[in-house]
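You will see two complexes here that share chain A, one where it goes with chain B and one where it goes with chain C.
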Partner chain A sequence: MEKITIIIDGKQVEAVKDQPVLMAARENGIDIPALCHHPELESSGGSCRVCLVEAVQGGRSRIVTSCNYPVRAGLEVNTSTDQVMKIRKGVLELLLCRVPDSEVVRGLASKYGIDEPRFFKDEGENNRYKCIACSLCTQVCEDVVGVSAISMQNRGVEKAPGTPFHKDSQACIGCGACAYACPTGAISMKDSKGVRTIWGRKFKMAACSVCGKPYIPQAQVDWIVKTTGKDRAFFDKCPDHR
Partner chain B sequence: MKAITSFEQLEGYRERVKAAQKKDLPSVLICFGTGCQANGAVAVAEAFREEIERKGLKVDVNVGFKTTGCHGYCENGPLVVLRPKDVLYLKVKPKDVPEIVEKSLVGSEIIEKLVYKDVNTGESVAQYHEIPFYKYQKRIALRNIGNVDPRSIDDYLLCDGYKGLARALTMRPEDIVSEVEKSGLRGRGGGGFPTGTKWRSCRAVDSDVRYVMCNGDEGDPGAFMDRSIMEGDPHSVIEGMIIGGYAVGAKQGYIYVRDEYPLAVKNLQAALADARAMGFLGENILGSDFSFDIRISRGGGAFVCGESSALMRSLEGKVGEPRAKYIRSVEKGLYDKPSVLNNVETWNNIPVIIRNGADWYASFGTRGSKGTKVFSLVGKVNNTGLVEVPMGISIRELVEKIGGGVLNGKKFKAVQTGGPSGGCIPDSEADLPVDFDSLTQAGSMMGSGGIIVMDENTCMVDVAKYFIGFLVEESCGKCTPCRDGLPRMHRILSDITEGRGREEDIETLTELCDVLTCAALCGLGSSAANPVLSTVRYFRDEYEAHIRDGKCPAGVCKSLITYSIDAAACTGCTLCAKKCPQQCITGERKGAHVIDASACIKCGVCKDVCNFDAVRVE
Partner chain C sequence: MDKFSVFSARLVDKTENFTSGHRACQGCAEALAVRHVMKALGRDTIVAMATGCMEIISSPLPLTSWKVPWIHNAFENPSAVISGVESGMKAMMRKGKLPYKKINYVAMGGDGATADIGMGQLSGALERGHDFLYVCYDNEAYMNTGIQRSSSTPYGASTTTSPAGKVSIGQHTQKKNMAQIAVAHNVPYVATACSSYPFDLMDKVKRGADTPGAAYINCLSVCPTGWRIPTEDAIKYGRLAVDCCIYPLYEVIGGQYKLSYKPYKKVPVTEYIKGQGRFRHLTDSDIAFIQGQVDREWEKILKLCGEGK
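After this line comes the complex of A and B, so read on.
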């Protein structure tokens, strides 16, 4: 890890070469709003366009997304110039048009002075009510969980994640990683009476032998045991009682 | 066929092909491009074969016969060329064939009814190269198309094919890169990035594996130069790629062709097989240490896959979506390896640049844009089709000299260049030279070279709405500004054209354009504002007329126009009343007619059929 010094908002900060500017900024206490970036997912980001900043490099200034713009020597970043704020506000207004029901987007837009967008709002269907089509869910499912139960479907405004042909996915293990990764709470996951409902399927939950609380879908235990060789007995107890 | 393993063998083979050819044989060349085939060229070719046989003639003994790629003058197809007389016949039908064989192939008569007639002068022109559409062209990229049978590698060799490759293999790879740099060749796919610089950057990255790719995913409405090249001269693209592979150090190349181009795929496949059999592809090409091969990958029909990073993802078998290009493809491209992606026309220029030298190539064009460019000239212009001209020719020359002026003597209003995310350039700027930088400065772009001519009856707000509508359909949906911004722009434009425009709309549109330009992920998104920005820049008064006065000055937007009949001009011929689908035109024979505006659907049939110009649109 090669450490270099770059300038963010006029301050000299230390950063790791090639790390995303967003991470460098956050590590130095500079906040940049972002929705579609997840620090654990290398391929994430670049979709929502909320984290725009001005990057000046080699005498050239341009608006870039900080979540995937790499830290390089000589870089100067400005996170809140007039232009950056104006364009970011424009992006948020468009996001609000897409997902007027999302509390997260509504809250963020409100910080930029938008309570109601000037344009028509989308009417959601196929999981689109709060979805900003950032694909964090499908990336987690593929890259971290490794089951690829869901994928991004359609294009343009219709783009949204889903199971193949909107039918029950036999690949899904009910782990809910997609719901945890979703920045806008768009994926519905309900646990009730030892059963988890997600993507239209019901998963039986295994209970903790100590507290008796159902805490993990049986299908997830099977998947972990199968792919990692972990001892099945490990899952007898929930994380609180291990 | 035994593979050729040395330069001497190649030249020996070429000489043998040349010697076997009967030079001055009266020959017939039938255009077998997609356009002419659609117009019936297959039946015409069949008729020629039969007629030649019926007359007791023999192909390659008494007469020559071959099918070629596209001549570019597709609206007049099927095209038939007679050599060595250099005569071009237009719109040939099978029933014309016996007469052509009798009079023009065997005899030396010219059949007047089949030759080109200049709409402006009324003059007939029989000689191919004297027809204005061809006369002012300079064909480098299209050098072989229409002359060679794309399925014959021998034909390509007769046109000095693979001489560029032979020369390249005697050069050091870095010298080839320098030669391409010196030629000033810039990417023909639209971006205009200097090709040599791209190659040099790719070479500079440390890696065992590199790739070269050809972008044949031409998707701009109305543009078909890449298709024409792939169909009509596939070996030129393949030769260019082999040279490129050698120059940058790649062993594998890919041609990404859209699946809607079946003939291009077929001709490329055949050409690749022939090139492999002759030893131009595969291990130790022409006896050198260099090994290289090319595979074809067929696209699935998404416009966005013409964007470089989306194309590479699609090639990898993933969903074709762009990625951020902060790390460039020459560093991390296909399969994260250093990669060079060039457009069909760019690759096709490489063999001649290496064969004739950079200085020769750089002698054409302007300071910043060297060489020639193929344009597809379409729209309201007399001669439409593919034209190749030196960079720097003015828009006016293109439209008037080659295009033969605006259709039906109407007034020239604007040209739209650069595909859906290009822009419109008005009549007042028509003396602008057509090159990369001038077009960008004017708010449009070169793009892949589509030029749509518009006349006085074109509404520029409607044009902007059309292109934004296209982009709404084709947005991949990955980033917010393009996915969610374009439909909002489209809604505002629809409102304006349907009489619901508001005073602040132009301002709001410009704001949205700004968000798209600055914040979209890929080039398609960031240039998607051009249709709106350029029309607002040059035709703001038209937007204002729609919004403030509720009028469409060009008479296009149905909600804002009314049809009426000028009683003084109407002769009462009753034709309009007969043709009106709504039957809402009434009047006595020989008396002035009246349109019932409440029932009129503004289809324009009455105006089209009126012989006395009595129908008014306001």
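After this line comes the complex of A and C, so read on.
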């Protein structure tokens, strides 16, 4: 935890060495927009390109993604120069072409004065729902949950998360962490009548023994019992009745 | 967000804007609610807080639990003060004296400050349409000064100023429905939340703060001291209040009602009432009377949310 002083937008701020510039800026009240970065996931970031800033170090300036650019001594960061704003606007406009249905991207773009993209809008068959291919979902699945049921598939414009060969994944436990982590709300998860549908697979939900409410997928209980050694009886009751 | 039960809780922001070390009673669910509200709001927030438990416990000179600009107010005026703060900041930003930035203006108060003393100011601020969020931490009496009744105290509850005895049933009037009063102001966002449903509470606070214009959130905050329940049961009683439909969770977005949580199985109010010391004098016929009222209110809410029969 080595504290060093860097300059962000002409303001001297204290930051921890090797901490992402984005976090240092946000801790000091300088807002940089970002979609694919999650503070609780170390490996996240670097793919949505919304958080681009100008980093000046040793007399050399370049545009970097602030979510994974480390804080080092003598660093000077500018978050809203004309060049940065122009690039950020361009990135948002392209994102909006890709996911015109996403409220999050639309809201962010309209903040920067973009209501309709000038380019071709990705619609119909090519519409990859609201996915911007940031891979937060696959990282959550691997790092937080630990099952790696989904992964990024294909390359280029077809890149999207999914289960292997788009078949029902036997590794998936139906926890829904991916749907929660998704910044644009692209992953659909539906609970109805004791069955949860996610990634095209149906999960039977375990019901609470007191109120009868189905509250957790059976597969998730099995996984938690297997990995943590917790008593299975703990999951007989829902959080309301423990 | 409540349905993302286990793993997602690990992804909630870990920075605390309402820090530990304050002087709340053991098991205080109101302090918990404040903590979750501040987590949801983030650091770009200005808070005006009315006198009450939370003000007393969080700011004993020279200490403070708050990591954001925080203004202490008298009982009646957090909404008036935050109106001024919002207008002032808006003017400063327009004149270029401050850089433009989205700031959450939040007024907070207990049920006494909201439903009794600050009612007029709150009504005025909601009507003027300032861009602010009012969060009422409703623990159903003036707990800070030693459990005096407020207009938010439910029927039948025994407090020091509405004691139960041979002649009196305790509080003999009904709980004031603040959420409905806020809805009647035609504000863009009104919601009811509960400290026992933290994800739901955080979602609602975020939505309320993002809504342009005034927003009101009524948060039921269980008070083990005042409700005379064991301190470890604070969360349980919040959940029971929602499960037995005494305190329904819903949102009103632009006049449209939406039910946030429908109990899978409706619990009889006896479950909620029997363990609480403030209700221990109630007879079976009193409880049956309360059950009838709860059922009527619940049907009304269901109908408004479009889920009634």
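The rule is simple: the second predicted complex is superposed on the first by the 226 of 242 C-alpha atoms of A that agree within 3 Å, B and C clash if a C-alpha of one lies under 4 Å from a C-alpha of the other, contacts with A are read in each partner's own complex, and residues count from 1 in each chain.
Criterion: a residue touches a chain if its C-beta (ideal position, glycine included) is under 8 Å from a C-beta of that chain, and two chains touch if they have at least 3 such contacts.
Quantities reported herein were computed from a predicted structural model and do not represent experimental measurements.
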item	value
Superposed partners chain B and chain C on chain A - clash or fit	fit
Which of chain B and chain C A:73 touches, first, second, both or neither	neither
First, second, both or neither for A:175, with chain B first and chain C second	second
Chain B versus chain C as contact partner of A:155, first or second or both or neither	first
Superposition-derived angle with apex at the Cα centre of chain A and sides reaching chain B and chain C, degrees in steps of 10	170
Chain B versus chain C as contact partner of A:239, first or second or both or neither	second
After superposition on chain A, the shortest CA separation from chain B to chain C (Å)	23
Residues of chain A at both interfaces, chain B in one complex, chain C in the other	none
Chain C to chain A touching residues, read off their complex	1, 3-8, 10-11, 13-14, 43-44, 101-102, 236, 239, 243, 263-265, 267
Touching residues on chain B, where the partner in the complex is chain A	302, 304, 319, 323-324, 326-327, 472-481, 483-485, 487-488, 491, 508, 511-512, 514-515, 518-521
Chain B partner contacts - residues on chain A that touch it in the complex	46-50, 52, 63-65, 68-70, 83, 86-87, 90-91, 94-95, 97-98, 118-120, 122, 132-133, 135, 151-152, 154-159
Parts of chain A lying in touch with chain C, wherever the complex brings them together	27, 29, 31, 38-41, 140, 144-145, 175-177, 179-181, 189, 191, 211-213, 215-216, 220, 224, 239-240
